[in-house]
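You will see chain A twice below: alongside chain B first, and alongside chain C after that.
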Partner chain A sequence: MSVEIEQSIARMRLPTGLAGLLPALTLIGLFFVVPVLALLLRSVTDPAPGLQNYAALLGDGTYARVFFNTFLVAFVVTVVTVLVAFPVAWMLAIMPPALASLLFGIIILSMWTNLLTRTYAWMVLLQRTGVINRALMAIGITDQPLPLINNLTGVTIGMVYIMLPFMILPLVGTLRAIDPMTLRAAALCGASPLAAFRRILLPLSLPSIAAGGLMVFVMSLGYFVTPALLGGTSNMMLAEMIAQMIQSLLNWGLGSAAAFILLVVTMALYALQLRLVGSKRPAGGA
Partner chain B sequence: MKLIFAGILAGLMATTAAKAEEMVFTSWGGTTQEAQTKSWAEPFTASAGVKVLQDGPTDYGKLKAMVDAKNVTWDVVDVEMDFAIKAAKDGLLEPIDFAVVPKDDLDPRFSNEHAIGSFYYSFVLAWNKGAVSGEPAGWTDMFDTKKFPGKRTFYKWSAPGVIEIALLADGVPADKLYPLDLDRAFKKLDTIKSDIVWWGGGAESQHLIASGEAAFGQLWNGRVFALEKDGADVGVSWNQNLTAADVLVVPKGAKNKDTAMKFLAAASSATGQAKFAEASGYAPINTKAKAEMPADVVKGLPDAHVDGQINLDMNYWAEHRDEIATRWYAWQAK
Partner chain C sequence: MLLDYDRLGWLKAALLAFTALVAAFLLLPVVFIVLLSFGSSRWLAFPPPGWTLKWYQELFADPSWIEAALTSARIAALTAILAVAVGLLASFALVRGEFRGREMLRGLLLTPMVLPVVVFAIAIYAFFLRLGLGGTTVGFVIAHTVLALPFAIIPIATALEGFDKSIEDAAIVCGASPLEAKLRITLPSIRIGIFSAAIFSFLASWDEVVVAIFMASPTLQTLPVKIWGSLRSDLTPVIAAASSLLVGLTLALMVVTALLRRKLPT
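Up next is the complex of A and B:
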């Protein structure tokens, strides 16, 4: 008797649980799934049904170069971001809390400043007649202005600056959660600082580096403003090309196809990361 | 509760009532749209009692999306003329109601059945006097990196202008420009490609020249006019200046079409055009406008430099827009 009641309650619970999810599912369906499907549909129907948009994108040297540029920039930005973020995060993790929160404040404040403003600030700094080049020439390090803008260098500097907080914040959480005794133990056992870093600190923070790195990589893939302003036309990235197709050429079929390819690649990368690192949240992720 | 309901009702009534007396004008922002607001929208509000809401910047993708979705919130839009010709062909624009918009005094170069001239401008050669020794005499000098070293700046987007400049510099006579020899133009542009800095908007072009970041470049005459007014040390050559135009269009299915036509009549009137030209340094498309302008302003207009002036062929561009753009961006990305 009581078993039956329990079973019927269990049966009742299942639909109740799903009903509770309904609002969220509707929201995701309406605002994420439907638009993506519409995008896909347009890419194979505009201007005529067929795969000609994909054929045009994949068969053309220019588009291939833009795809390559996009991944190159995203990759370089991710690597540099990790290299810069790790020492900063480590310093934040071990410094006195009061000083650390001050530095945190500065990092977060930069995130709250308008993206366009920050990018323009870099333009002023990096250009041929800019502050950096003038200073370098005044000291005599170079007699010609260095090409710091309208090229890969400019894009990398500008984007790393914007991406840093997204890498630093999760890393600090992870590094703080690592028991300092493990490093002390390593030292006691005769490990050099480098060995302790390589065999303890790095493996323990790797999930966090991978998660942050993937986020930076994926965000970089779709970046528009910074590459458009700090890059040259020969470093054009996919987002800028899509904007051109949609706004200027009104070729929405081609633009949709390019956007869909970017989406598929991003999803594939995400799936790859799930396999490599696992879906578990990194320890202490902020 | 009742009060809230009454409030909503009153709000609804107010919007319906206000709707009959409102329209939306969309342009490119910055000093140009400010001048349009002052010269056209504000007097129109005063005389016709219609509130003109400002929106922007102009976005061709958005315009098409509105028309496709049959939900058009823009009533009058400032667009480039070659786009207007193409858009009219694609069925994106309302025909102009010439019963409302007087046509007789309009410069026929810059108006047609679906578009009324907004203003016209010239691409001129401008330089920073501190960064250039000597005086560049024309487009040929922009391709002579020995005589005139330094970065040169050109308009970034695929649009009438740069291709023609390259061909003129390569020795093509002005009356033989069209049909455009793209191979020849890109070959010429290749010779200075590493010295080109692109500008994507008017403010950027001013910044590049004023700071000396680019020694010289191809600029809109109104932007050079503004630089001179600000006291920047710039030189300008009107030799072979290239005219192009912005036009005003009404998107298909605009909610306040009739009001929009009245606005076009006011904007293209001699007075409206004279006021705008005085504020912006761009040229009026109404032939009677100059009579209402101060003499020193008239002297600075492209109209004062018709000698050697070349009209960029908007119809040719409208016809070949996509084809040229595809090659243009492919070349840039190389």
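Up next is the complex of A and C:
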């Protein structure tokens, strides 16, 4: 009798349902964890054991410029994305459903359209003789074509374009969860719209802005395609440099060390983002 | 007041104008590329001097474009099947299993989504060079399934969390075997999640550029690799034609998704 009970308790404590995870863990373990660890190992063994790859990367002005540039682009892209996304998400949260569905449709279309297609469109649009430059000249904003591509401007436009949906969509959810009554109450108590915005709307959406902004920043840090196509040679970003080190220079040691630095920074920021999302309190404790 | 659409006053006009501008910004490249693909100027002059279908003719006359598209479709379909199968099993374990470190394992399986693709790309490239899988369909499908797995697990696990397990238990009490109950009760109930998982994993592979650039060989290249190569050499309007077809595919997927969601309410 008591043996039976003990057995059933033991059975309850046994891990259940682990078997279903086997295929996924095999796949990720063998083809994700092992290759990434092998790459890490290569960064300290190729061409000779030691930390010379990291020393070279962190001690050289050329590489320092790439790191600086990467953070600068990611920062600018994040700030612009947040500033543009907030008013749109605000409107999306409160506009009539028919209008909101239309806007959601546009956002999904832009988000699901092939990445290279979107980047190609910007390459053509932002050219010296492209539509944007001619429109700017036609309405008299500038006399001669502005350099909009192969520089920071081009990368920022292209990246903000890609990141906007990732910022807008989660923000809409947060703004919809705020009770409009709190803002009506503020107005009744004499708060000006600006005060209500600064002291209620903004603080309540701040956790979501921070989490979304951090996600955009992390994604921008490691972005490859858009900077490679819209950026210039003088302001290369980290992902592009890594690809070049491996593909053209065949410098595996340096390339994998740079990749590992990118991995560590990304994962650290991602952990921070998880904490932010986790600490998001339901009612306004910002 | 700030969250009452009808009581925003002048602010509403300003915010709506800004929102309309952003909507135009989001729509601009997509509409532009479709118009461009019908323009007759080889130098991408816009508005074009005339309209033509010749870029589509050039596209379809070039077997390398067709072949790249077929390669992409094949790899993406295999990736979607594999990712949904592996993701389905994993989701059941993650949602219903009781074991230590479950959250950690979930995090591990979702990591490929957050790690910069370029890091994974060079890691798997080096690994496959050693295994002799570089430039093969098998290699492509494995690498893309790793990247697609999070996009399969998230919608399936979400659907499964929203499904009341007592319905499945009731079927078993009524005499169904556990497998039968899962196949006939649970899977049909979470079909929207499974369907989303299939679409997202397909797209994750179909649109994937970075791993593909490293993995591609002269005999095996996907559509994004083909577009990437053309973009680097010149900006021919044939790319606009290929891009417009991709926009068409996106629209078709959006319509199918919307219809299915309406037809199969969860």
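The rule is simple: the second predicted complex is superposed on the first by the 240 of 286 C-alpha atoms of A that agree within 3 Å, B and C clash if a C-alpha of one lies under 4 Å from a C-alpha of the other, contacts with A are read in each partner's own complex, and residues count from 1 in each chain.
Simple rule for what comes next: contacts are C-beta pairs under 8 Å (C-beta built on N, C-alpha and C of every residue); 3 or more make two chains touch, one makes a residue touch a chain.
Small disclaimer: the values here were computed from a predicted structure and weren't measured.
Trainee: Between chain B and chain C, positioned on chain A by superposition, is the outcome a clash or a fit?
Mentor: Taken together on chain A, chain C would clash with chain B, as the superposition shows.
Trainee: Per the contact definition in the header, classify A:55: touching chain B only (first), chain C only (second), both, or neither.
Mentor: Neither partner.
Trainee: Under the stated touch criterion, which partner chain does A:135 make contact with: chain B (first), chain C (second), both, or neither?
Mentor: neither
Trainee: Give one of first, second, both or neither to describe whether A:27 is in contact with chain B, with chain C, with both, or with none.
Mentor: After superposition on chain A, A:27 lies in contact with chain C alone.
Trainee: Taking the superposition as given, does A:247 touch the first partner, chain B, the second, chain C, both, or neither?
Mentor: Touch partners of A:247: chain B and chain C.
Trainee: Counting only touches as set out at the top, which of chain B and chain C does A:197 meet: first, second, both, neither?
Mentor: second
Trainee: Of chain B and chain C, which one touches more residues of chain A?
Mentor: C
Trainee: Examine A:65 and indicate which partner it touches, taking first as chain B and second as chain C; both and neither are also allowed.
Mentor: Touch status of A:65: first partner only.
Trainee: Now for A:118: first (chain B), second (chain C), both, or neither, which partner does it touch?
Mentor: Second partner only, chain C.
Trainee: Share the list of chain A residues that count as touching for chain B in one structure and for chain C in the other.
Mentor: Looking at chain A, the two contact sets intersect at 127, 246-247, 252.
Trainee: Using the touch rule from the top, collect the residues of chain B that touch chain A in their complex.
Mentor: Residue positions touching the partner: 59-62, 64, 90, 151, 156-158, 197-198, 200, 211-213, 321-322, 325-326, 329-330, 332-334.
Trainee: Mind listing the chain A positions that touch chain C in their complex?
Mentor: Counting only chain A, the residues touching chain C are 15-25, 27-28, 31-36, 38-39, 42, 84, 87-88, 90-96, 103, 105-110, 112-125, 127, 130-131, 161, 164, 175, 178, 180, 183-184, 186-187, 193, 196-197, 200-201, 218, 221-225, 229, 239, 242-243, 246-247, 252, 255-256, 259-260, 262-263, 266-267, 270.
Trainee: Please name which positions on chain C make contact with chain A in the complex.
Mentor: Residue list for chain C touching chain A: 1-5, 11, 15-16, 18-19, 22-23, 25-30, 32-33, 36, 44, 46, 85-87, 89-94, 96-100, 105, 108-109, 111-112, 114-127, 142-143, 145-146, 149, 153, 203, 206-207, 209-210, 213-214, 224, 227-228, 231, 235, 239-240, 243, 246-247, 250-251, 253-254.
Trainee: In the complex formed with chain B, which residues of chain A make contact?
Mentor: So the residues of chain A in touch with chain B come to 60-62, 65-66, 69, 127-129, 150, 228, 232-234, 236, 241, 244, 246-252.
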